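The following pair of complexes shares a single chain, subunit A, combined with subunit B in the former and subunit C in the latter.
Take a look at the complex of A and B:
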């Protein structure tokens, strides 16, 4: 399953790390015992419902909720007026809980009601009188860049808040954000060499314009939060979020409460993928503060699809030049990213990633983040990267086709490696691009020619790679030695898809005990040490370091107790499987149990270790996909025959969960490639705000993913660990669309390639006489 | 208008007064505190709210509580017997078929009923049989593998209570 390409010799054999382990919380998940966001309730609790703008762009002249307050069961109503001006940042979605002077998209929250029942709350929404003055709106980002487009403005302007995007990527941008103009809220440029000279040296130049749709993370658990402002002035919250400390800080700031009085318990989280941060939590918090009662708010699926923070659509131009021998000479790229009504899209990352997998001697990249009257976008698993990979990797395949080179060999010839520089000038550490490509080349699917399609339907193959820089935040953990010699670990990070199991493996490995001796508890924001947002693939990357450090702190304290009891020097103490002994006298030992007993009664007190961790730097993770498809040219239906997902995990702490991440990310990529798209009508209303019309892949739509783990030691991670969660979603969209293009013999430029788009593309190609069997056009 | 409702939930007789518009999902979650069934969409498209009514899988988000009058309802909380997970639950744990876990209750309830009625499906039949349940994390592969291990009779039911720790003996004379 795993292919170790680089690993230093371990002093002692590994016990639990790097072994496939079932989830330590598996039983909770399969019995319904795990408590998710909507599963928490309190006595006397009220229900909150949200009034949303029916206009894509409108001035709010006045809001009168007096009738709603008199309605049956209603306790309170909240609007933008409940937040002080000095805490609201007009351009920051998280700090702009309700629309103020202007509603900027259809579905933007305008007011919220708390009532005894959900029915009462929803009925009262209709009694709130909002006087709207509709304004001209713009939905298409290219149209929004034109000088005569309607312009979107947030209050008085102000600094643009980019906190959320910074969780997902630790790569600093060297390009300066240029001045805001029209609806362009941000602009970046990256350059190197001279692209004109580069293209002049090229034997082959290929280019295209690629569109990717706005898609939704579609975590199956909608946003939910319960807030209780207690008589003692504590704001106690149970929230499904990827970052309980981020929720805490946001609520404390908006409601002007001391941080330690806002006590947030992150619940079990039913998927986040970057989309679950702080969107909802301030609403039940303000309602509870006003009502002085617990208030719960749970979003419907339709609210999710209309008003959450989906992933951005984009228009990306890419032009690549290469010599006949496969040497790339130049890259030119331009990203236009639709950020919706608020800034904060991953435009700058998407622009940089165009030039991040290969060595481009000459390069010119520019990116524009554009405001439109649609819901503002957020992060979705490697934000912006699937859009970038779709564009760059399709053109890479066109160039390879044109010069008659194997597409993987073409990539290997130009692959980026240690010491090479990203577009922002940052030199790379020992990334695994080459090793991922080699594993793809070695895979049996790549070596087996495509068989004839059924009923004469064409088959095609596509390969693509992609990368993601990931986060490298600081974290902490504590570990207690318990009375029977077992250990409990306390963390403040959210258990997003099983990272507590990996943390338990790390602790057990360091403490040299079986996994059953370790439990991991996620405490609330007052109990637990700080843990960073579970985003940017960073939790296991950083928490493995802090858990290991906490274990070492525990061991140091234990050795001191053992040394005293054995009359030995602490440095002479050796340990294993629940026992400590002096190396000079290995026949005598003390058990961990006895050490706990002694410590509890001693002046130094019970044993509790603290560890801090932060990877010295991020180290981008690379992933690759091979896709084989068959296309029904009559209906446009695509059947995926083979999917291979390769990823460099550095050191897979739990290969079972790493494999699960590769499979899951790859299938989400199938959604990008074939199915998913939030569709707006001309009024700015989402046309497919339900899971019947917003189509996710089902078990019947997808094949198994052959997940291949490559392990190339990362010097900055615990035992070589790299980021894992995100890279797998980056290349599949590119690989699958490229395979379809290969099957049909025409270049294709859009994601998703729905049956309708495929049939239309075939019809266009025929009409234009371009069905020449050349996928490179 | 209130309605007197009598039914059996996970083997326990229940008598409650409910309003006729209350969904079975809300009745189970809010009135009985059985939060295992989840609401992922509210429109019958995701399967996270699946429960058994007289043994047959139903979307509890599209079923009124009063429709379950006199019925035996089984939720995910009712699948554990003799302190052991059932075979589907056990296989989900062993194969890593649960990631975030929100779709898992609906999936194990649905799959338990499906495999009872279709003990030997082909891979295609199995995938079609569970296509009404959405999972966003796993890509379905570990779920399908888990269910194949049930079909192949390879699953040992997992005990819910943890095994006692094997303690290191204290040195002699202590």
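Take a look at the complex of A and C:
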């Protein structure tokens, strides 16, 4: 159960909130009854298929699709020419639907066909004649920074679109857009004190260069969208997306339609993790507008791996100095983040997060976002943070090892807390770094020494923490009192993580009815009040506030009706379990059902409550991982023996759901640590565009993740709620790689640590005589 | 997926005639776990699919009077894996079959399909080669038997005549004191493809301490499923000890001809041939000693 470390006294006992509740939509999901993006169809519907650039970098001299238009079943073809210049933004992926003058990565969309069948559409792609002039390309970000590298964008103007990144983090970024610096598209610096002095004071200095691979969010359900441009001029859409309003706004802008004429219904969604925003939706929209028929496009898994928006790879240098007593004196860090063909990566967040878990009296951080001829990157659950944690937390463990201090004690000595400042100067509210570390220290796994490995194989342990700022967007909800005294809640946010169950719990708690009396409906963009993108861990954080406010609005109206009926003062009305009464006369009551009847027939009219919510500020969430591993030194295969995920959830509205989030994030961290990597060949072609060679961990690869919830009250959230979704993915990559390093007694610098990388690192260490049993090198 | 014609003949000669008639335009459908995926995901065009599902002659697993075992080409991965006949006869054929995809895939994917797909990384085929199995082929010109080891000529290439089908595999009875093992290296524990696979069959002398005969067949480290002949040579007549196994591992690594690809470098593959040859032999020897 959750470990409560800080919570104010409640006036009444909790009934529904803070109790583990199965997902209300669970049965629908597991029986296949839920309708996901690709499940929607309409009569007369066409299928869309996308033509993609076969070159990593090429000028498009001309596109001739006249033969395709004549092909069997083909109705229309769309290209960049179908969008007006004033809506296209060459530096914003969502606003540059098709490659215009230049294709910047292999797989970039060049044209799309709508035809009667999928087969017709795919066959017609081969009839589109594109005259490409291949240009020199660059794939490695370090190479792209060199002065003689091919340049990918020549001042094509436009501002960097940071919209999607801003969903995930409420923290201001101070990155500057650079126009005249080759392929470096933005750059950031954070400083404090004097690092040279700091390192001079240090007894121990450890440093390393860390690489993290480009990985894919690998949601179960690929992108899918159905668009129908109706005779009335409405663009009706069914889209699997984390943000239906974001899809609506993007399509409205691109097609120059008023927002209210673009009606987007977010479907049941098979995962998103930040990667499923608005990539695909404009394509069926433009095809439908041209064809005047419904058009559906569904991506294949290989399109996902080649042309979606994966998480960025990076090269990060970290240097930490500390005194023998464990006091950190200085941090130096440099982040190079590969943003692919479009700017807008989480580079500045990743840079800042290097200095965000501990108090560093002296620091110097710099970050570079670098363009390459690869697919543009997007958000993936705490974007950029796993890359940072991998670097900083491994070096933290090396320093602890060198000074002979317990790695958790070393962290506790330097952990950041309320009033301390992040590298951007922002003072922190009451974060739970210390409480998470203490819960890790108290965990039985940490207290139990590692046993001998099987067949003489070494075992190792790694600990790491990480944090994420999260979003804190504005939201709204409405609640109706129904005829029988039950309630229906209407929201515009996507049910990405089972958050409708949490919203129902909040409403039921506030309305003091059993959970079964409340249903939550996700309306389309015209029906529902605005809700923010289901990203940045913010949906439950903000929607709990608006659902609670809507419940209070409903209760206020109900009390007024009840007071009239009872001849009492509304302020005197008390309520519980579907009844209201005057405290002065508790024997007479009126049921919620009767209140509903009365209201419909009264001047008040039917009761609908509206609530608005926006957390006063973000409050970063901290998480920690302990990993025990055994390594087969001959093959490099790693067995994870124990995996513990600890996270401060503030107040867990649904502990079952929070545990699921912690387990899910931790397991994705296993993928980061051991398996996942999008591999390009020298031509810029993805070599593993399928789930056989893009390896996710299977159930057989991960042990049962012990999820531990810490609850430290957050003054800005409903009953102390904090963000939950993202932090759990931040530390596991660092903890697992660190455990491997501990087992082998050599420093390791890469994610993922594939069996081959491990065997080669061991061989190199032997050859260099570095196999000295010291993971700190 | 593109449109295709479909035929599911009930007579073997019909199937052979269709295949001979349509040549490269026709493809055989066994379990479909490779073909259908290629048609869907890689847009592979196949004008005619000839399903083998109705051919009774291609099904079943049985033992003959001479002690040899016959496995129908359409026996599924799970049938082969769970067959007591197969397990008693040559355990590593069951072990290889167990590694085909997932449980669901093994309910569809067939032994004939695994051989017929001719992937260098096949898991079920190398044990057949190591056990000196023969494939019974049937075609428009009649039947013939070919050692499974001679069937594959390169990636995706089989020494089949136009219109010829694999009907079944026959595995001869192994001598006394024989043990087998198929083991592969994969980066994750399930749902993966061999980076290196080793099929080993060892026959011991009556003293159970000397290697009488050994067969080591490699997967995923050559264009076909070759015997590691130098390693086999290095094992025959030797006493069972660490040095013997180490020599065999090194020899097998030298026998392998791996490529570098997205799954592994050639160098790492060679190292793994060494490691897994030693491990496969150790288990095969253990089993040989335990065998009657």
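Before moving on, here are some points about what is shown:
Methods note: the second predicted complex is superposed on the first by the 768 of 777 C-alpha atoms of A that agree within 3 Å, B and C clash if a C-alpha of one lies under 4 Å from a C-alpha of the other, contacts with A are read in each partner's own complex, and residues count from 1 in each chain.
To be clear about the criterion, a residue touches a chain if its C-beta (ideal position, glycine included) is under 8 Å from a C-beta of that chain, and two chains touch if they have at least 3 such contacts.
Note that the structure is predicted; figures quoted are calculated from it, not measured.
Shared-chain residue A:698: touches subunit B and subunit C both.
Among subunit B and subunit C, the chain that touches a larger number of residues in subunit A is B. By the touch criterion defined above, A:123 lies against subunit C but remains apart from subunit B after alignment on the C-alpha atoms of chain A.
By the document's definition of touching, neither partner reaches A:13: not subunit B, not subunit C. Contacts of A:232 after superposition on the shared chain: neither subunit B nor subunit C is touched. Of the two partner chains placed around the shared chain by superposition, neither subunit B nor subunit C is touched by A:603.
When both complexes are overlaid on chain A, the residue A:22 reaches subunit B alone and has no touch with subunit C. By the document's definition of touching, of the two partners only subunit B reaches A:496; subunit C does not.
By the touch criterion stated above, A:635 is placed in contact with subunit C alone, subunit B being left untouched. Once the two complexes are laid over each other on the shared chain, residue contacts for A:767 go to neither subunit B nor subunit C. With the contact threshold set out at the top, residues 300-301, 690, 692, 697-701 of subunit A are in contact with subunit B in one structure and with subunit C in the other.
Interface residues of subunit B, counted against subunit A in their complex, comprise 29-30, 34-43, 45-46, 48, 75-77, 79-80, 85, 89, 92-94, 96, 98-105, 108, 124, 126-128, 130-144, 158, 160, 162-163, 165-171, 174.
Of all residues in subunit A, those touching subunit C in their complex are 119, 122-123, 300-302, 634-635, 637, 674-675, 679, 687-688, 690, 692-693, 695, 697-701, 754-756, 759-760. Residue ranges on subunit C touching subunit A, taken from their complex, read 1-3, 41, 43, 185, 187-193, 261-265, 268, 271-272, 275-276.
For subunit A in complex with subunit B, the touching residues are 20, 22-23, 25-36, 38-39, 41, 217-222, 268-273, 298, 300-301, 484-486, 496-498, 514, 516-517, 577-579, 588-594, 656-657, 659-660, 663-668, 690-692, 696-702, 704-705.
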